[in-house]
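Below is one structure; the comments refer to it alone.
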């Protein structure tokens, strides 16, 4: 029973992690809270679903939807954040403009796909199950976990070992100094938005697959959990976000199993509130993105 | 405005401040009597700012006492120190930039009863030698020198017992710093005690009655400006040990 | 004219309530605190006033006052742990507080849970809503002429310099949070008493976003702006019904447009012209 719950927690945590990494990357690099992240998460799931509905193989639909999500992220930056960067607008204003962008994306999604929940084509998803001792896991869950881990691995490699990763870390640490060192700031920020939004989109598609349900409000449900995760892990810390996501996944599944499902989310937000009050840098130190 | 004889004396008695393991201020004592200008000088990192922070309640002393007249300041929070009658200016100007010139001065008078009339505001601006008397102008849009003087006007508005000036001459041209000299003297003459942190030695020499020299958190010399300027320890602190050594060779 | 009011009375009431909410947020934004707990304060007051009315037979006035008082108490307690937080961290902590409040409302038997609380006497009318709005507006106007208003503005501009002139910054921040909670509480009570029933979902993050948007569109710290922002954002969805499912896009576009082109909101447009 415990092992089963922990396994469920891992599947949930992996998708949370993908979502939260995008959040925290943008905060780490730009110090802004991007509340449109959840809208891109939702849009990517709808795009993948539509492509799958048109008969595009699921793998290709997934890849194309990631690119769409990434490009939406770049567009979001150009429209909602870049103009504010030029006039040093502080923290409140970009937060609001991201809400504006989210409202627009939400409206567009409602216009295109309508208000109702949608499902992937019946034959698109495997319903096979794998049994390991008393443990039962869906083959789909395993695939989703594998995809999430691969994407995190790729991101980790990019951040640590590529020129782009070095640029991103430099901009996160000190934008002015990075510019003096010859880093193309705007290009780095655009690529950060591409990566962050593509990962957020991946999370949306994977959650859509996991529950076989894509809906307009799926973003709202994960948006605030993502906040709890990045607070848990320390704002701007990618490693922290991943650990925080798996912790939250485990706590959620365990609390449903052993305490009560009704207060599940209150635990996450309660912990988040306590961390903010007692240790605002999160559990894993501060600015790990900058130090990594 | 502050009338002679009503100001209280600031007494800093053997105050030490620790940041983590570092002793930033080591048993420093000083007095700022009414109508007196006390200079506080020393190389960068000597503890001048730490002393100001201790007096204004930004940091708590690890030991020692700070008192204004009969009242102990060293256990008070920042705003209570200000209400007790300690006013200050900042090394990096900290005006309420989006507020009007008049509101900045009025905010300075916050500890006093009532609100300043426009005439009272203008009088303070005049005393602080602010040239532009457009009361509704946003403070942040004033030129640099005017902002420095407005900050002094804001501090004077509280009718303080003691005024702390943190490098007021920074960025001023010779003419402006000459005016500042006259301003400091005028304020002191009316009874306010002034603690002046400054790098401009000619200003310190011209206005201070007493000078205290800090280095590495310790008092290394004090006396009249002339005495301090002759003190070998002061010369060494300013020129650095390396410089002194190479001169010997 | 009368027919117009009768036909749109629901919308007119909604505008008044939203104006109160936007005003309540602008009060705490005035001190520079990005505390986003208005929806929670509104919800607390809505439930207290409704439960009082349903179970104890309170009239509207008593229920609204009790609700506002409850919201104020919660705000005063909340102010202590969040006192050190600023900027985005304060925003996130208060969003978390709002979620916890909502989840408690879902699970507490007396609130009627997720299905909501029904049978609330429908005794708030246009007069009581706009009467409250007028009283709150007048109170804010009077406050603006006091020395405390200057302390609030100075706190927003530079907390450290504010302390340096003797302003109790922690007190100012707590005071504005509590004052904002009272106004949000009045709005919550009126909201509950002009709808037959309420659910925890009425007071979630979506509501908080709406209020924030109205406030920012109006111009953050301008009271008149907050009211205009509430008016615009409440009426707009009705005006663009022809866009059908694309309706939301217009709200988002107006919000983005104002942020990008008039940083001081509608109030800023006004000031620029005069």
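Per-chain residue numbering starts at 1, and chain names A, B and C are given in the order in which the chains are listed.
In this section, contacts are C-beta pairs under 8 Å (C-beta built on N, C-alpha and C of every residue); 3 or more make two chains touch, one makes a residue touch a chain.
None of the values given here were measured: they were computed from a predicted structure.
A.B. asks: Using the touch rule stated at the top, which two chains are linked by the largest number of C-beta contacts?
C.D. replies: Result of the pairwise contact count: A-C comes out on top.
A.B. asks: Which one of the chains is closest to the middle, using the mean of its C-alpha atoms?
C.D. replies: The most central chain, going by mean C-alpha position, is C.
A.B. asks: Report the chain whose CA-based centre is farthest from the CA-based centre of subunit B.
C.D. replies: Centroid comparison gives A as the farthest chain from subunit B.
A.B. asks: Quick one: report the Å distance separating subunit A from subunit B, using the average Cα coordinate of each chain.
C.D. replies: 51
A.B. asks: Just how far, in Å, is the C-alpha centre of subunit C from the one of subunit B?
C.D. replies: Those two chain centres are 43 Å apart.
A.B. asks: With centres defined as the mean C-alpha position, give me the subunit A-subunit C separation in Å.
C.D. replies: Computed from C-alpha means, the inter-chain centre distance equals 30 Å.
A.B. asks: Enumerate the contact residues on subunit C facing subunit B in the complex.
C.D. replies: Listed in rising order, the residues of subunit C that touch subunit B are 147, 150-151, 153-154, 157-158, 160-169.
A.B. asks: Going by the contact rule at the top, pick out the subunit A residues touching subunit C in the complex.
C.D. replies: The contact residues of subunit A facing subunit C are 27, 31-33, 35, 79-80, 83-84, 87, 89, 91-93, 95-97, 99-108, 110-111, 114-115, 220, 223-224, 227-228, 231, 235, 262-263, 265-266, 269-270, 272-273, 276-277, 280.
A.B. asks: Mind listing the subunit B positions that touch subunit C in their complex?
C.D. replies: Result: residues 56, 58, 77-80, 82-83, 87-88, 90, 94-99, 103, 106-108, 110-111, 115, 154, 158 of subunit B touch subunit C.
A.B. asks: Please give the residue numbers of subunit C that touch subunit A in the complex, ascending.
C.D. replies: Residues 29, 34, 81-82, 84-85, 87-89, 91-93, 95-97, 99-100, 103-104, 106-107, 205-206, 209, 212-213, 216, 220, 244-253, 255-256, 259-260, 263 of subunit C touch subunit A in their complex.
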